[in-house]
Amino acid sequence: MVAVVEARALTRDYNVAGGFLSANRVVRAVKGISFTLEAGKTLAIVGESGSGKSTLARILTLIDRQSSGELRLNGEPIDIGKAPVTKALRRKVQMVFQNPYGSLNPRQKIGDVLMEPLLLNTDLPAQERRDRAMDMLVKVGLEPQHFERYPHMFSGGQRQRIAIARAIIMRPALLVLDEPVSALDLSVQAQILNLLADLQDEFGLTYIFISHDLSVVRYIADEVMVMYLGEAVEQASRDRIFANPEHPYTQALFQATPKASISAIRARLAARSGHANVTG
Amino acid sequence: YAKQLVYCSEGSPEGFDPALWSAGTTFDASSRAVMNRLVDFELGGSTIVPSLAESWTISEDGTEITFNLRKGVKWQTTAYFTPTREFNADDVVWSINRQFDPASPWANYVDGASYQYFDSTGFKAALKSVEKIDDYTVKFVFNQADSTVFVNFPMDFLSIGSAEYATQLEAAGNMAQFNQLPVGTGKFQFVDYQTDTVIRYKSNPDHFGGASPINDLIFAITKEPAAAQEALKAGQCDVIPYPIPGDVAGLRQDPNLVVTETAGENVGFIAFNTQQKPFDNPKVRQALNLAVNREAILEGVYAGQAVLARNPLPASSWASDPSNEVPAYDPEAAKALLAEAGVSDLSMKLWWMPVARPYNPNGKRMGELLQADWASIGVKVELVSMDWPVYLEQSASVERDGAVMIGWGADNADPDNFLGVLLSCAAVGTNNRAQWCYEPYDTLIKKAKATFDQAERTEIYHEAQKVFHEQTPWVLLAHSNQYIAHNKRVVNFKQDPLGYHRFDGADVTE
Amino acid sequence: MLRYFLYRLALLIPTFIGVTIVAFFFIRILPGDPVQVLAGERGVSPERHAEVLARLGFDRPLWEQYFSYLWNVLRGDFGISFASKRPVAQEFFSRFPATVELALCAMIIATALGIPAGILAAVKRGTWIDQATMGTALVGYSMPIFWWGMLLIILFSGILHWTPVSGRIALNYFFPSVTGFMLIDSLLSGQKGAFLSALHYLVLPTVVLATIPLAVIARQTRSAMLEVLGEDYVRTARAKGLQPRRIIGIHALRNAMIPVITTIGLQVGLLMAGAILTETIFSWPGIGKWMIEAVNKRDYFVVQSGLLLIALIIMAVNLIVDVLYAVINPRIRHQ
Amino acid sequence: MSAPVAETAPRKSGSMSGLRETWFYFSQNRGAVAGLVIMSLLVLIAIFSPWIAPHDPARIYNGSFLVPPVWQEGGDARFVFGTDAIGRDILSRLMHGARYSMLIGAVVVSISLVGGIVLGLIAGYFRGWVDALIMRIMDIILAFPSLLLALVLVTVLGPGLFNAMLAIALVLQPHFARLTRAAVIAEYSREYVTSAKVAGAGHLRLMFVTILPNCVAPLIVQATLSFSSAILDAAALGFLGLGAQPPAPEWGTMLADAREFILRAWWVITIPGLAILVTVLAINLIGDGLRDALDPKLKRS
Amino acid sequence: MALLEIKNLTVSFDTSVGLFHAVKGIDLSLDRGDVLAIVGESGSGKSVAMLSVMGLLPRTAKVSADVMRFDGTDLRELSAHDRRRIVGKDMAMIFQEPMTSLNPCFTIGFQIEEVLRFHLNLDRSARRKRAIELLTQVGIADPESRLRSFPHQMSGGQNQRVMIAMAIACSPKLLIADEPTTALDVTIQKQILDLLMKLQADTGMGLIMITHNIGVVAETADRVVVQYKGRKMEEAGVLELFEAPKSPYTRALLAALPENATGDRLPVITAFDPETAAVR
């Protein structure tokens, strides 16, 4: 089975303009990331703010160019700095963003949002585009009458559904999801996670799922990569990582994640009353 | 108690060396207040009277003029100059030669400035030499006999400056000061100038005609006429020049004010380009002339404060022909004339003056009135204008289109200053904005210039005016009256017919 | 901080060069022959025409003229006024204090009244006080000031005779010009009543010139205040139990001043435009009126260098505003 | 990082379309509606002035110079607002003058809007040296006092209404460019732009289809305010003698012509000035109303 | 006597589309030393309820309650002046966004000392001393030089510590923390929560913790209030709530937690009628 994505030592430098008289600084936001991801699988990337998750996502979705390293999609090496992104290539990778309120053009009707990728990347006739978009709309759990509405008429969860619909309407080989549920309430989060699972089953999608919420990661991922300061400090299957985190940072992350298990609550309450006794 | 007179002048002087400049405002502030000439106009008139020269003689052949200078005239002592000697022939020779002799260190002493009057009046071309006979005698020699030369002597560019002061400045390497801090022999001596705001003078105690009764003379520069009028009413100004014509009646009613008026030594007119079709045809010019409703212009533009012009020179001039009439207003006759000339659907440009001048207080309004008048005989008028310096430059060009609104104020009392300067063939391309070179007329003008007898000249000029009317190179408009408004406490102030503002004799009461 | 200042200064270099190019080429394409204009109403002979042309350097190639102009400007030589034949810089700086005095007073009035008015309106949002203040501000903002000036003259000078019509001080006061600022010079002179008289002459033009900046500042202050009052840190301040006076006067105001300072800075350019009209109406002997006259008179070097000098001053003021902005805004100060 | 965003979608405003919503908030603002009514009236007057004006604006009534308005002693029923210095009906001139003001506003705003949008869009979209170049040029224009620059420009181009409009458009244009640029930069980093990029949109589509429509709100407000600035600036140029040429009854020019009557015939000064003030005020009221209606921040609270 | 007692609190907003009820009849009561968590999805009126207690709602808000008493003072009748004596001193609040909740124009020191001056009338040197003490207490290194720092010179976690220092400056009896860690990384969240719990234990103040993170509830609270669409769904001890949630809403909420996921799809909260789901 050929890997959908293959990354070899990807790095990304940002030139941060220094002040006047001081030289430009180079910030290396992603430092030599390598991984391979097979079709139909989900790779979760966790890490705290500024660890380079989004930067990596932008490279993988061909928005930004890597500073060095090699990226292969379906075995094909890709460097958007050398050759412009072709339509065919564009169709292979899509993305869903964290903020459901910012990722939809407020002046674009939902129908147009969904049809835009088709318009730009395929030669389908208008009616066909419309039909495909309508299908997709229903598939993500919205209704046909929503087609002519504007984004601001939808709730966050609905918007995230639209964003997902737009991303998968091209049947991409790879879908990069940058914290797609972080902004959502628990109940809505569950719906979206379910939807993603449904779609993966139906279309055999490959996901790269970025998150900082370990419970979500544990639920959805096959593989997990932990990023810290631009580096992948640990990379393993979900079960291995959750069972036995090796890197100290991973351990710290697990340690810090609040646990909602009853045993944990019991333990805390016990400690608390003991503590209260001591001080009181 | 120092007597102070405040004159709200209409603008800032260009500088204080009158020979360099051409604006009346500058002359008021420099030559008329601070300096004297060999001869001067009498106060409140245009008769030439002795000044720094006590007497003069003109040679038989008319080519030499010898001046006998006044003795004991003191130069003003100021903060910046203390004279060591009195006025004498050296000063006269220096004052002329600095303009005449291109080798003089003073020939270009202010960068970019030139002695424009000396050149443009033809004085330079006429003059052969100026010689000091002795300390108090100076002789001017001219190239040929010319009856219009002598009238230049009371003009501002022939003001007499101190050669000693000039030498001092030259030695100090500060010649520019000559244009900034003037020294003269006049009634008033310069004290201070704050740019665009105020010029202060004080009485010259040593003036040969006796010190002025006013101790301090102040020019408060007030460019907005309405503001000047308000200041006059409020007592902040004692004298204002150029009140708005329409407000004259109102000012007259103010019991605290006195408004004086003189017939203006000026003429406002519209000059066709007579070298251009169809204005080369006198009939077309006459037709347009007949279609002008002069009464409306008199009221709308001059606010009634003018005299409609009968001749191209002021009615007060001795050469003016009183038998000519103000052209009639007859649109019907105008149409007929146009038809006769075979001109139909005429559309033309009319240049309107962007500035107010004594001879035409509002070019735009006049343009609008003329546009309407000429429209009524089927002539379409496009009104054009441009900034004043460019207007002056381009309207003088022979290629210029259509008719141009312009006028002239007298430099001196000689009729040639109008009839020759504005209408002779020599002035085509410059002051002759009608570009009108008409042989019969030009011959007459030349003849008059070489004639010294006034009666004879008058006759020749009358004839020339007849020719002018036949040919109508201009639409004659008006001689606007000149007004001065002053506070009643100002006494003995005499309005100058040539448009100067002189405070020689003026006094103020408590 | 110094580094920031130098950085802003460096940014001005291309603008400065652009400004000199604009000033230079504008004048070259003005219709009319400079020498004819220079000669005045009496004309000039062809020989002299050529001579003057050469002396002014107008016969050389354009780029050569430009570089010699730039070089001269850098040496502080701005050319000679055609009208007065005096150095332009000298002419400029003899009038500049009058404009600065007027503009500064206008700005002080505009700021001193505009900021409190804006704060009041923001605090009393929606009440009649807000509506009245902002209504007035909008009228002021919409005012054609040349007309406004004339109306005030009609009323205060023409009818009520409260204020003088033009001039800078009553003529019975006479003292040497030390700073060029009449208010300061009158104080220095020690003459009794001189300062009051100078103030008296300054009132009406100042009010006219201040009208628009006042309105703009009041409006800007209000909207900045409203915005800031909705910020989290204002809520924090309220959660600390501070008095409204302190919250508004210290916490909100300091932040609201950041955009207001910029607005005030931007007003300087507008103020110069306003000064042109105000000085024309009041015959105020400043650079606005001087420039208008220079344009009308085609005083080439005055227009050219006047434009340049005015632009330089505006750039300098903007630089100061930028720096001030940084002083108020610690984010920039500490970058 | 997660940031819970307030759930606004199901609220009532969700059922209103953008335009209707804007109108709703706009119509709540009494001042803005008043401005709109006045403005509509002015536009109607401008359009129909040849039919509704009582007189030909250029017609000179000899013998009726400086007639005061009807309600004043000496007034003439034919001339409601009186006549000017050469007997032209002021009311008719004002009505025809409205055409000039509307024309000036429309032309100036169109030119500067289009120019500013294109420049600002290019600068904000491409950034880098293009941005620096464009913005430095804007800085240069802004370094001069607008009126002075317009004045010199008109002198260069020659006086006349069209040249005046061009000059004013040029000096107003940097404001549009800056505003567009700022809005574009802000929008460019929004995720929907990246989404469109990922969807395969090219530069032109991103610039004009994706980003530009989201920048229109501040531009509309600025356009409205520039409309009034244009009228004021044109009037100021007219006042300085560089605007419309005679006998065009442009308001600023009328004022300039009337200057000498400041102490004698108040109506020739007061009435055209009032016309300018009312027009500008009306437009500014509309501008304020639009700003409030288009600004989501103010809407919410 | 309860430290804070609220009965039938209702808050409505006058909006352009009519009256909007954000809080509908909530009862609350809290004793000294208690840690109460309020959970609920976004927009359920958690913040509004607590802001009404603090008196920080905008003027468009209408607040009514049968009882609203803090430490024996009736908050409903309080004049603005008297309220200011309590707010910030006995009753303090910290907010979600530490970066924007501090005034960017003033130093940390200024902002902390301001509270001390206003409420405790300490003199300059005493204020300084106390400020340093407070910064030490919240675990900021090098407090003396930090006093001169501006908020933007510090990280989000540090700013939140400063916020806490400011809130506890006058040893309040009640501290309301409105999602104090939502904007922070999990590792930082852990530190902040630990800090808050330690301070609470040390001072014995009442603590109300608003959050939508069930994990945080489990790690901090003694008692929990679940809120939905402006209504209280249920109130229970933390253990009780996790072990045996009474309200169907709470049950659904807990089920939607990915860590509680049993099958390969998450149970989804369907629309509840807040009236019937509430448990009194």
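Read from first to last, the chains carry the letters A, B, C, D and E; within each, the first residue is number 1.
In this section, a residue touches a chain if its C-beta (ideal position, glycine included) is under 8 Å from a C-beta of that chain, and two chains touch if they have at least 3 such contacts.
All values reported here derive from a predicted model rather than from experimental measurement.
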Chains partitioned by contact, subunit C not counted: one piece
Farthest chain (mean CA position) relative to subunit A: B
Centre-to-centre distance between subunit C and subunit A (centres being mean Cα positions), rounded to whole Å: 54
Length of the line joining the C-alpha centres of subunit A and subunit B, rounded to whole Å: 88
CA centroid of subunit B to CA centroid of subunit D, Å: 47
Whole-Å separation of chain centres (CA-atom averages), subunit C against subunit E: 51
Residues of subunit A engaged with two or more neighbouring chains: 49, 185, 212
Multi-chain contact sites of subunit C, meaning residues that touch two or more partners: 31, 153, 158, 295
Where subunit B touches two or more other chains at once, by residue number: 226, 230, 354, 386-387
Subunit A residues touching subunit D - in the complex, by the definition given at the top: 49, 58, 61-63, 85, 87, 90-91, 93-95, 97-108, 116-117, 120-121, 150, 152-156, 158-159, 163, 166-167, 179, 182-183, 185, 212-213
In the complex, subunit D residues that touch subunit A: 1-5, 7-10, 13-15, 17-18, 190-192, 194-202, 205, 210, 213-214
Contacting residues of subunit B [partner subunit D, same complex]: 225-226, 229-230, 244, 246-247, 250, 293, 295-296, 299-300, 352, 354, 362, 364-365, 367-369, 371-372, 383-387
Residues on subunit B engaged by subunit C in the complex (per definition of touch): 4, 6, 14-15, 20-22, 110-114, 116-117, 119-120, 176, 179-180, 192, 194-198, 200, 218, 220-224, 226-228, 230-231, 234, 236, 354-355, 386-390, 392-394, 396, 430-431
Subunit A-facing residues of subunit E, complex: 33, 41-42, 185-190, 193, 201-202, 212-219, 222, 238-239, 242-243, 252-254, 256-261, 264-269
